[in-house]
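Reading through the structure tokens given below for one structure.
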Amino acid sequence: MNPVNYLYLAALLFTIGAAGVLIRRNAIVIFMCVELMLNACNLAFVTFARLHGNLDGQIIAFFTMVVAAAEVVVGLAIIVTIFRSRHSASVDDAGLLKL
Amino acid sequence: MAFPLLTLTAAVPALGAVATAAVPAGRRTAAKWLALAFSLATLALAAVQLVRFDPDAKGPFQLTESHAWIADFGVRYELGVDGIAVVLIALAALLIPFIMLAGWHDADPQESGSSRWRPTQGFFALILMVEAMVVISFEATDVFLFYIFFEAMLIPMYFLIGGFGDGAAGQGDAGAAAQRSYAAVKFLLYNLVGGLIMLAAVIGLYAVTADQLGTGTFSLQEIVQARAAGKLDIATTTERALFLGFFFAFAVKAPLWPLHTWLPNAMGEATAPVAVLITAVVDKVGTFAMLRFCLQLFPEASKWATPVIVVLALISILYGALLAVGQRDIKRLVAYASISHFGFIVLGIFAMTSQGQSGATLYMVNHGVSTAALMLVAGFLISRRGSRLIADYGGVQKVAPVLAGTFLVGGLATLSLPGLAPFVSEFLVLVGTFSRYPAAGIVATLGIVLAALYVLVLYQRTMTGPVKEEVRGMPDLRARELAVVAPLIALLLFLGVYPKPVTEILDPAVRHTMSQVHQADPKPDVNDVEAAK
Amino acid sequence: MENLIGLLVLAPLLGAGVLLCGGRRLDRSGPWLGTLLAAVSFALGVVLFADMLGKGGEERALDVTVFPWVPVGGFRADVGFHLDQLSMTFVLLITGVGSLIHLYSVGYMAHDERKRRFFGYLNLFLAAMLLLVLADNYLLLYVGWEGVGLASYLLIGFWQHKPSAATAAKKAFLVNRVGDMGLSIAIMLLFTTFGTFAFDPVLQRATDAGEGKLTAVALMLLLAACGKSAQVPLQSWLGDAMEGPTPVSALIHAATMVTAGVYLITRSGAVFDAAPDAQTAVVTVGAVTLLFGAIVGCAKDDIKKALAGSTMSQIGYMILAAGLGPVGYVFAIMHLVTHGFFKAGLFLGAGSVMHGMNDEVDMRRYGGLRRYMPVTFVTFGLGYLAIIGFPGLSGFFSKDKIIEAAFAKGGAEGWILGGAALLGAAITAYYMTRVMLLTFFGEKRWQPDAKGELPHPHESPRTMTIPMVVLAFGSVFAGGLFSINDTFLKWLEPVTGHEEGHSPVSALTVTAATMVVLVIGVAIAWAQYGRRPVPVTAPRGSLLTRAARRDLLQDDFNHVVLVRGGEHLTRSLVYVDHTLVDGVVNGTAASVGGLSGRMRKLQNGYARSYAVSMFGGAAVLIAATLLMRAV
Amino acid sequence: MSHAASVHSLWTMSADAPQKIPAPHIEYAQLSPTLIVLGAAVLGILVEAFLPRRSRHPVQLLLTCVALAAAFAAVVALAAGGYGTGKAHAAAMGAVAVDGPALFLQGTILLVSLVAVFTFAERRLDPAAHGRPVDSFAAQGAAVPGGRAEQDAVRAGFTTTEVFPLLLFAVGGMLVFPAADDLLTLFVALEVFSLPLYVLCALARRKRLLSQESAVKYFLLGAFSSAFLLFGVALLYGYAGTVTYSGIADVVGGNVRMLDPVLAGTTGNDALLLIGGALVLMGLLFKVGAVPFHMWTPDVYQGAPTPVTGFMAAATKVAGFGALLRLLYVVLPGLRWDWRPVMWGVAIVTMLVGAIVAVTQTDVKRLLAYSSIAHAGFILAGVVATSPDGVSSVLFYLGAYSFVTLGAFSVVTLVRDAGGEATHLSKWAGLGRRSPLTAATFAVFLLAFAGIPLTSGFAGKFAVFKAAAQGGAGPLVIVGVVSSAIAAFFYVRVIVLMFFSEPKEDGPTVAVPSPLTSSAIAIGVAVTLVLGVAPQYFLDLAGQAGVFVR
């Protein structure tokens, strides 16, 4: 099967993730969409690694996962704090800072 | 390495500013005297310059200093004076002490505010700061160096205008403050915009020189020589664009119609001494820069732009005069009168005749002195009655004859009465203009009628007629005030009767400028007697 | 000798300086000091005169260059004096009459607390006037020219607390400025044409320049003359100038300053001779003014205004004569001198009358004063006879000559001018007789003044009468002296040149005609004011009379066109400046602010909308990059 | 079929790859600045873990300062050692470049952070009711605002000393960011300095809701953008088959030794390159706050604790622009004609939007945020000059700008009222009367922002515009001038407010800071004036540092 299709899949996932970020209100969900985008990138990486026949892509994928994990830690921490103080995880409620 | 006289002349007032600002709040009077002392020291240095300056020496600039400064920008710390600069420096240095004396009590804090707030120190320090920057921008022969101080000057001026009012704005204190800061902001923004447009031109100039000479330079002489040697050849359109960039800034400063509207506000709201500082000292930098930079850097473009500029100058002359007639506010009236006079100066500069340019340069000096005289007396008047409105006065000459007399002399100088200094310069400008553009000359002559109109109307409404109630019991000029006005009037008379000492210094510089622009005076139709015989 | 010329000017200038800056301590001595200095310069004048008489006709001129004034490039103006017969004549007239009037003023202004300043101004005037007539180039002349303008401004407005006075002063200065504009343009033209504006080179080489240029110069000079000498169309200020103290009217607005225009034209004779069209303009102005002034003079009830009208008209004669070229110059100056005597005398007389009538000026409230102030009456009477040209008195000789010269112009022009001059003579006789009758004859028509007390006229003090007497002598004999074997003509000829006019009518006929019209004029006046009693309040009068009372509506014209129009112009300009010029800038500022306000709304605080903008931005970025590659 | 075969051959080929991987060789000395900082950060964590609460603050402060100073010393040493010029090369197997720009930027970042630490450590601003001096960070980040836990924490006088290690981690990332010589390092560095910043934003002591909100926004948008960046990296990798800058540059430049069929296939497809490049660019533009990726800036700047804002505004910009420069000058010079017009556009809108929107701002911190956007635009003008002059001008501008910003925000921390910092402009009315000195210093910073001569702002602006003009970007200069004019308007407005309007009764008080903040401000003023009056030396530095290693 042509590996290029994996690229299309990656692009698709990435777009879905991005769309999710734009559409969803809940901070957690938005964050998950971001994760989805990162994983789309991972897929692209490994595919290209496969195409080019070098391991860089696959290694990068690992790095990405680690970074994503780190992001989760920080992100969830922040989201939880604001949830506790606002009793809502909707990003649209957080609108004090504007103009 | 010669003695850095020019640097010193600029440094002394700068130091004075710092010293004055550092005087503790309690010692107000000490600060005043300190500032005055520094300004007098500067005056002395300016006098030394005049003495050391040799009108007949070769070369455009004298007392030159030159040090590396910002190589990356092609900027050198280059100072030098020609006849025009040295005279204008003397003028500035001469006026500052009078300005200080006149404003001796202007900055005394009404209420004893927090101990850290020291308006008086600030006032005098700022004046000295302005003086320092004006002096160095007269001395700078490096475009960038000039530009820096041309711009930096705005800040202290801005604080002087906005920070200290004559408390005669008509409405309440808050309203006055609002008007003041409006005027200050207007002043700053107009000049900043002008300066920024000039900045674009300055950068363009650098790009051109860097492109053609290998290393970019801002040295006036280098550029002029390079052009003369054909090493530097600026494309016509580029030269015009650059010229416009420079001219715009100077036209705002000068101020030339239609970029003038900041001046009436600024002069109206500022205290009289500061108003004098604006129009008699700071604005001169604009017209001076037209002569030194516009004409010498971009001779061709200058010639190209001349018709338009002459028209603008004419408009300024008539428009300023007519608006002066229409004013209700003494200081605004003087401001518009100044606009009219600046029209004459610009006209003289761009008439491109030796009479015109000598007249214009002489005009800068005379206008400085005459406006100072008129405006300062007006300030004394206003400080007595607490109002700027002409309608609030009447019959002053009955109660305060000396004040009225000096006011009249100042006014007569403003309408350039023969025998007083401005007449000579104005007539030179007119002749110079007439000999190249007769029509323009005649139109400009209308200005002298209008000048008579606004001055005499002002004098009649304020000084003559039955004595108004509020005016009754108004004290006549005090010793300090007389000490300010008398010398100025004496100077007006002297320069009116015997301007030779000044013109002798100015002439070579003017001739040099003329040669830079490749312009010769038009010849008279009937050649002189010898040739006839 | 040369240095004396400088002193001549310097003495009164010094006086002015001392008196104006001297302060209160000079209040008492001031008047005498001023008078003394005037006398000094008169003495100097006499000395120079004597010296000049000692020389032959040609080498009488003295030239002194005191110091270079404005040396700039090709442009050089010197402070230099040129004393020839012409200027000598003026020097004597100015300093002579001037000293007398100083003396007169000592009495007249005795009760004014600001008399020190008054004498300061008078001295200033003398200095400026002397500078005017002694200058050896046009620019320096211009200085004197405006100097006398300033002095007249200060003196007309001397009683500044009276708004009318202040206004009159301002008006005088402004109208003069219009004339001065002409002078300065003339100077510019001279400079561009000859490369100089000193008398000698210009006048010697006048003919080298094109006639067009010369005509332009001449017309500009004429404009200047009109301003200073109150000729139509710039005459409107003279009437109002009577607001000034009477000695001022006598000295400045009768004897000396107002004649400066005549001096200017005579001095620039060479230019005018080379520009016939300009000369036509000059004579026209002269003729019109002499009639205009005369008519105005007939209608005025204010004694000084009546005399002012007469001054206008007399100067009209001089201008007319000067316009005739070499034929007329001498007579113009001669009439100028005689007029200086009798008109000054008349004004002093008027002043003396007002002095006695608590400053009443309306002649209809005078009457029968000859018994109360005999000296005034006699001197005034002599002046009267002189001005109407009574045979044997000064006016007779000078005016007669001018009328002849006018006819001598020849052709229709000659007839018109001559006719105008004759008519003028008739009207002069009429209005002067009127003045005479209203003032000194008839029954008393005195009215209580503002304070409600009736005037009790009395003769004026010695200081005032002496000058009047002296001037009366002048007005009686001057003309005769001048005319005996053409002394005056011979005296001036080297400067102005002279040629006999060939009149179509013989001199005798002219004289006869003059006599006739004179009698007619006097007769009519007698018929109107001599025989029947004069109403205290002026009758409505004919249309012409009413117009004449208002200076033939000239002022109304000025008011409507210039003043109102000017006010509207300035007001609209102020509006424009505020709304348009300023508005544009403020408008841009405001629009930026508005834009900012709208763009601010995009920052709506919703994280997701920020994300949208990022996403869109990314899309644009990509699209743009691809596009760049595509093109 | 043949395709499948090639794929198979690839598979087999890479099967026996592992033993071919060489052991990495790391030049620790040359990476020492980063290592020192990160090491200190780790130490800091241990301090938090083991030292009693009382002694943490001084220790942390000391540790951080020492670490930063030492790192700076290391940078200077490296520069002196010629790594900035002659010996410049890519260290750590081409992962991190050690060259002029890198060292210059690292030096700047370290100095800025050092000054920022002073403001972090300031404890005299909030005269606390319970007698213990407190800094501007939350007593307990996790506690609910106004909740029981927080009150206890406040009463107990807790302070979040973790901010120091966090700062150090961020600095560590920033040090690597502009030096990163392959896209992976770039990405990792980005995250390393972003994540601590997210946390720091959430830690304000006052106005905690705003603070947390800003953190959330920053975090979500940051993550979002980094995802884009990562995808861009992926595409570039796909295009070039490598992520090292030099490698990609070679491929773009078309000078690769052996061109295997697959590479030929992908390199043939420019879309990968262009889109990838664009996405990476976007990631960086987000960090420097360029329009249209700027919208997080005002909110985050306003919400975050002011010391953090100052640190972000200064250091992040430096790091971000450093990375941007390297990317554009090393990786994509071959594509200059593609990205230059785009960057032109970005620069123009950034300058204009920043300046225009700032005009109507009413909050000092937001105002400064927008002004920082406008300045990003100015710097971009220098970036697109694509000449060594351009690089050095940008470096100079960054140095000048970061100190001005830091100083300005430090002043903001001083003006306080009951609710903490009084950032609303109306509160600043008449400040010049109350405390002339503070107002004057702030005025100096504003004037520097406005680019008035004799301040560093002018020198920097002139440098970038000059470079742009010489690079043939005249129109950019015009736009820059126009937007500076607009910008001048609102800077002046603040000055008017401070000096010419009457002070209000309920106006804020100006806290008297400890030497820490004072010195931070003093340094800011000094640098502003020195760089304004005698910039030549620093211009030389930047000039020498103007060349990237490849």
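For clarity, chains are labelled A, B, C and D in written order, and residue numbers in each chain start from 1.
The definition used in the following text is that contacts are C-beta pairs under 8 Å (C-beta built on N, C-alpha and C of every residue); 3 or more make two chains touch, one makes a residue touch a chain.
In this text the structure is predicted, and so the values were computed from the model without any measurement.
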item	value
Minimum number of chain-to-chain contact steps, subunit A to subunit B	2
Winner on C-beta contact pairs when B-D is weighed against A-D	A-D
Chain centre separation in whole Å, for subunit D relative to subunit B (CA means)	45
Centre distance in Å when subunit A and subunit D are each reduced to the mean of their C-alpha atoms	23
Subunit A-subunit C separation of Cα centroids, rounded to whole Å	97
Whole-Å separation of chain centres (CA-atom averages), subunit B against subunit C	37
Numbers and ranges of subunit D residues touching at least 2 other chains	216-217, 220, 224, 228, 298-299, 489
Junction residues of subunit B, two or more chains touched	189
Subunit C residues counted as touching two or more neighbouring chains	589, 600, 603, 605, 607, 611
Every chain pair meeting the contact rule	A-C, A-D, B-C, B-D, C-D
Contacting residues of subunit D [partner subunit A, same complex]	3, 7, 10-11, 13-14, 17, 141-142, 144-145, 147, 184, 187-188, 191, 195, 198-199, 202, 208-210, 212-217, 219-220, 223-224, 227-228, 230-231, 233-235, 237-238, 241-243, 260, 262-263, 266, 298-299, 302-303, 366
Partner subunit C, residues of subunit B touching it in the complex	189-190, 257-258, 260-261, 319, 322-323, 325-327, 354-355, 358-359, 395, 397-398, 405, 412, 417-419, 423-424, 427-428, 430-431, 434-435, 438, 441-442, 445-446, 448-449, 452-453, 456-457, 460, 463-467, 497-500, 503-504, 507, 510-511, 521-529, 532
Partner subunit B, residues of subunit C touching it in the complex	20, 67-75, 79, 139, 142-143, 145-147, 150, 153, 157, 160-161, 163, 165-167, 170, 173-174, 177-178, 180-181, 184-185, 187-189, 191-196, 201, 204-205, 208-210, 213, 566, 569-571, 573-574, 577, 581-582, 585, 589
Interface residues, subunit D side, partner subunit C - complex	216-217, 220-221, 224-225, 228, 270-271, 274-275, 277-279, 281-282, 286, 291-293, 295-296, 298-299, 337-339, 341-342, 345-346, 353, 356-361, 486, 489
Residues of subunit B touching subunit D in the complex	68-73, 113-114, 116-118, 147-149, 151-152, 154-155, 158-159, 162-163, 174, 177, 180-181, 184-185, 188-189, 192-193, 196-197, 199-200, 203-204, 206-207, 210-211, 216
